[in-house]
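Below are two complexes that have chain A in common, paired first with chain B and then with chain C.
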Partner chain A sequence: MYPILVLSITGIITLFLGFLKSKKVLLPATLFFVTLAFFANLYDWNKPGLYFNNMLQVNNFTILLSAVILLSAFLIIALTKGFIDDEHAQPAEYFAILQFSLVGAIMMTGFQNLIMLFIGVEILSVSMYVLTGSDKRNLRGNEAALKYFLMGSFATGIMLFGIAMLYGANYSFNIDAARTVVTQMVSTQHSSVYLYVGVTFLLIGLLFKVSAAPFHFWTPDVYEGAPTIFTTFMSTIVKTAGFAAIYRILEVSFSPIYSFWWVMVIIMTVLSLIISNVTAVSQGSFKRMLAFSSVSHAGYMLMAVVGLSNKSDDSIVFYSLAYSLATISAFGVLMAVSKEKLVDGRPDESIAVLNGLSKRNPFLAFILAISMLSLAGIPLTAGFWGKFYVFSDAAFRGHIWLLVVAILMSAVGIYYYFKPIIAAYMRESEGEAISLTPFYKIILGITTFGSILLGLFPDLLRSLM
Partner chain B sequence: MEYLKNILSLPPIYYTFAILSVLTLFGALGTVMSRNPVHSVIYMIVTFFSLSAHYILLNAQFLAAVNIIVYAGAIMVLFLFVIMFLNMKQEAEEMKKEKIIYTAVITAVILGGILIIFLRRAEREPVNPLTYNSQSGMIEVLGRSLYGEYLLPFELISILLLVAMAGAVMLGKREAGERHF
Partner chain C sequence: MLALILILIPLIGSLLLFLLRGSNAGVSKNIALLTSLIEFAVAAYAFITFDSQTLIEIKYAWMKDLKINFHLGIDGISLLMIALTGFLVPLIVLSTFKYSYKKTESFYSLILLAQAALMGVFMAKDIFLFYFFYEVALIPVYFLAAIWGGVNAPRITFKMFVYTMFGSLFMLVAVVYLYIKASTANIQELYTAAKFLSPTSQNLLFWAFFIAFAIKMPVLPFHTWQPDTYSESPTAATMLLSGLLSKMGVYGLIRILLPLAPIGLSNYGMIAMVLSIIGLIYGSVIAIQQNNIKRLIAYSSFAHMGLMAAGVLSGTLSGIQGALLQMVAHGINAVGLFFIVKIMYDRTNTRDLNSLGGITQNTPALSIYFMIIMLGSVALPLTNGFVGEFLLLKGVFDKNAWLGGIAGLTIILGAVYMLRMMQRSMFGERNAVTSEFSDVKGTEIAVLLPIAAVVLLMGIFPNVFLKITEPAVNSLLQLIHP
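Then we have the complex of A and B:
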């Protein structure tokens, strides 16, 4: 509950800080605000409760997910370097919108009422539409923003239709009340059409937001068109918040009608895994490859949802954290390297730009290697345990053939995740050495250290729950 | 004949509903199909007004008034301004992407068909006139629930509006060296 209040207020303060002549105060201030929200979030640890007339739920699961979101946000905001390099940037607005979008993300983790879910999704989406188009001189960015906006509005409309249908079935927006109705319905063998239509449409809307196939068509274009720093934000925080919402709504309200929705979700899982991994193989752009990789990780996280075991919530938290850390390092490296070489006035974001990185900056090459290994799910990195947990969730329900598909697709994944590593270590270098600010190094060090630490001691996080 | 008799014996509110629905659909189809954008806007106003009438049938008077003021009033004027500024009348191009049209039509028909089949099977309990709160759509009841039960979402909508506003200002601000459309 507290992070929502904190971030709403600090977001407005950040807007006013934009009046100051010096833009240097914005980055430390924003980092401080997010840290404040992080600790305000932990304040409710082990104190579960419902707030504001059953609008907001706080329990350890939502606190951990919010913590993952706020931690990723802290790391990403630290990587922006306050936008001091970019003379056209408007850091005050960017940082304020980022903080407001975090409000939306935290609402999506802690909603107890579908209205809260809807407003959370909208706050997060509207912020993302704006930030996607924030680089106004980039034509592809403009296109991406418009595309994202139009498709996202459609998805929101579909989701709202689903929520309205659910209200028709349950006479309430409360997700606990929905569970009571659903349980009753199952026990009396009486089926309500509104409920089924509602669940389907709500799921479609939410799965669009986390870019699961077949609702992933916007992902590569938008991820590529958006400024890299906001792509990072989109692929970590939006995904974590989206999966929190999907998991909570399905687990709390609709686990009694598992037999209705599992087929739908499993089809989307398999499609996400196959389409994304196969397409990612042939991508020449690193950013596009990571976009398809994010679709594939949506597929892996859906496996935890399909499993719906009593450990699924831990798996979702762990997977989001592992995926966020690795993605932030990968995009961090890309941001540092790509601005060295310009193509048509834009940073070069192809895989080839990483050639010979181990000679130009061994530290960055190491970070890249660890993040790619973690995304591929190689043992001793966090990504391995993340995959291990979601696979065991899927095995819990006996979806063995789903496991077979997922393992095959992980193998395909290893192929394309190694392409940047090969480029960095085996190819000849072209450019000069890359220098980094110490702060940037520290942040990338933290993400990589986190990936390795969780890979060696996965129980550090699991034991919390 | 039986069917006709059934129809004739319906209470007048059903006739009102049927007429309004036909009017709404007519307006919506006109919006999509007319070539002249100004005609589209006028059809859209028809749709908004008949939707407002639907709201009144549902005992949501406040919503009906807001719908007319905000949509038919403010947003439609905005639409007209944009159309006048862009002067699209002459450039009404033929849509060349036939494939997309066919796909869209097929998808829409399938989705609409599924929904109609499903929702025909849906059962609703009729409203009990004895327990029904006739004030439910009135501004007082609405205000109470907005400031009572739904206080938190109501307040947080202001964040949504603030984001939209800050974003619009940020994107709309003109800068040196920017492309001009």
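Then we have the complex of A and C:
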């Protein structure tokens, strides 16, 4: 609960800091605010409870997920150093919006009431619509923002419709109350159309946010159009928060009717895995490839939902962290490299821009290699264990065929995740050496070190739960 | 503790080299050599003090709630592979001493990382740990082959990587399935649990594991990555691949496949054996027609692996014992032969048998080493190849006489391609390319001499090795034929 309060207040303070002549104070101040929220979040560790008239729940699972969200936010904000120098940028607004969006994300992890979920989703989404179009001179960005907004608001509408249906079925927005009603319904073998339609629509709305197929059509365009730093934000924090919401609503309220929704979820899982991996193979743009990779990881995380058990929460936390660390590294490298070469006045974001990176900057090449290995799920990196956990979850529920599909798609994944590595290490380029600020290096060092550390000692995180 | 040290030494050496990036090339070569020699000393100590009664084991909790442990242990089978790895890596490092490589530190760092992972594979007692090391071993070797390889290396090694990863993923499915059925990851406990699996799931397990290991070895029809990769990679990577990484596949067959899927083996073992033996003949026939010596040895490796796979799949004591002995022998011979190819290429700039010839007139020492190692590979009595090959053939023959007879052709075919290579390259008239060929000296002798010595010693005293592995193999056999 505390991080919500902290970030709401500091977000407003950040807006006022924007009036200062010197923009230099903004970044350290924002980083400090996020750190503050991070520790405020940990304050409730082992002190579960309900807040705001039973609207918000705090327990160790929500705290860990919020911690993953805040940590990712810290790392991403730390990488924003570049755009402050841009004269057209409005750093105070960006930083304030980022902090408000974190409030939404944290509400999505800890909601106890569907209204709270809706508010969280809206806060996060509206922030993202704005940030996607924040580069006003970029036509692609404007198009992406409009597309994201139109499709996003449509999905939100469906979700709201679903929530209304659920209210009709359960007579309450509270998710615990919903469980009681659902359990009764199952035991009396009574079925309610409102309930089924409600669950389906709610899931569609949430799956849109995490860009699971077949609701992923916005993803590549929006990822490509948005400034890379906000793409990073979208692909890590929105996804973590979205899966927290999907998992909680299904686990808390609707696990008694698993037999109803699992078929739907499993179809979406398989679609996400196949469509994204197969499409990613032929992408020439690194950013679009990462967009499809993001869809595929939504598929892998859905496997934990399909294999819903009391261990799935561990899997989701671990996977979110592993995926966020690797994605931040990958986008961090892309940001550093792409600004070196402009195509039509825009940074070049094709895979070819990485050619010869190991000569131009061996450090960046190494970061890139580890992040790609982690996303591909190869041992020694956190991504491997993340995949392993979700695979075992699905297998424990007996979905061996889903496991086989996922494994085949992982093999396809290896193919395209290695393209950047091959470009970086085995191709030549005429580019000059790339220099980085020490701070940038430290942040990328942290993400990479985290990936390897969790790859060697996965229990570090899991022992917390 | 010994088990952990065996992994830590190369790992620390590898990290040290990684951190020293940008320093003097000579320093990193010496650090790599020193590390691998210390590792060799520890492996030799383990080999000498080994006795099958006392178990060398360590176990740390890795993932407590899932009951997955960092569990290492050394039995006779593991020990043999540890000794092989410990012996070969210093030689591989030494074989590169004369040459300079870009990014020297990373080059040696990767070799040592591969060694650490190999040690892990051969000692793992937990099936996830086994999988973990099995995958990790591939990554450094892939980078070695791709970055320091020839012009086509990125494309060819990428095929190798995707191919073997694809195979390993089958193994992952099998491993997760077993783990969920048995709710344990301890390999020893899985052996007992596997008995209660239905025949259908055993059959599936058999194929999942077989494909994974068959790609790694490789066995027909999963071998298409191998000749290209072997010939395009830098010699050190080729040596690691043929000498050690391919052995992970055979080791996996012995340690994982046979005891975990005995019913699958009795149902489908014959098909897999036939595939292996077709591969053996096919590889030999192609080797006979090769003029590129590196490819010739690559195909001969492929043929040898086929025989080892067939011997293991026969599920007999002599087959498995022979495979173990042959793994060591072939590992040593392959490293020696690839090194000789490297020496020839270095001096003549060609690997074509048609342009070589008459080398022996300048090089008495090289000729002797080449002859000894070549005869080891042909499996002449009193060389290391003989006992292993004999036992392997006996194992196959016991299982099925027809197959044994066909596999026996390897003795003739092997002699044909090896002697042809020797004759066309070393004997005959000197020509413009080979007239200036200088004899081996310095580090080259330091690599070839130990190899030649071991080829002979193993041929004369095979019992040293057979005795070490026999108790472990017998206990495995009891699981297969209860």
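The rule is short, and it goes like this: the second predicted complex is superposed on the first by the 464 of 465 C-alpha atoms of A that agree within 3 Å, B and C clash if a C-alpha of one lies under 4 Å from a C-alpha of the other, contacts with A are read in each partner's own complex, and residues count from 1 in each chain.
Everything that follows uses one rule, which is that a contact is a pair of C-beta atoms (placed from the backbone, for glycine too) under 8 Å apart; a residue touches a chain by one contact, two chains touch by 3 or more.
Quick caveat, the model's predicted, so the values are computed rather than measured.
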**Asked** With the two structures laid over each other on chain A, which partner does A:436 touch: chain B (first), chain C (second), both, or neither?
**Response** neither
**Message:** Per the contact definition in the header, classify A:453: touching chain B only (first), chain C only (second), both, or neither.
**Reply:** neither
**Message:** Which chain, chain B or chain C, ends up touching more residues of chain A in the combined arrangement?
**Reply:** B
**Asked** So, does A:52 touch the first partner chain B, the second partner chain C, both, or neither?
**Response** first
**Prompt:** First (chain B), second (chain C), both or neither: which does A:404 touch?
**Reply:** second
**Item:** Partner chain in contact with A:116 - chain B first, chain C second, else both or neither
**Value:** first
**Prompt:** Does chain B (first) or chain C (second) touch A:146, or do both, or does neither?
**Reply:** neither
**Message:** Give the list of chain C residues in touch with chain A in this complex.
**Reply:** 21, 61-66, 128, 131-133, 135-136, 139, 143, 146-147, 153-154, 158, 161-162, 165-166, 169-170, 172-173, 176-177, 179-180
**Request:** Spell out the part of chain B that touches chain A in their complex, as residue ranges.
**Result:** 115, 118-119, 121-124, 148-153, 156-157, 159-160, 162-164, 166-171, 173, 175, 177-179
**Message:** Under the definition above, what is the set of chain A residues touching chain C in their complex?
**Reply:** 311, 314, 362, 373, 378-380, 384, 388, 391-392, 395-396, 400, 403-404, 407-408, 410-411, 414-415, 418, 422, 425-427, 457-459, 462-463
**Request:** Name, in rising order, each residue of chain A that touches chain B in their complex.
**Result:** 4, 8, 11-12, 15, 51-53, 55-56, 88, 90, 93, 96-97, 100-101, 103-104, 107, 113, 115-116, 119, 122-123, 126-127, 129-130, 133-134, 136-137, 168, 192-194, 196-197
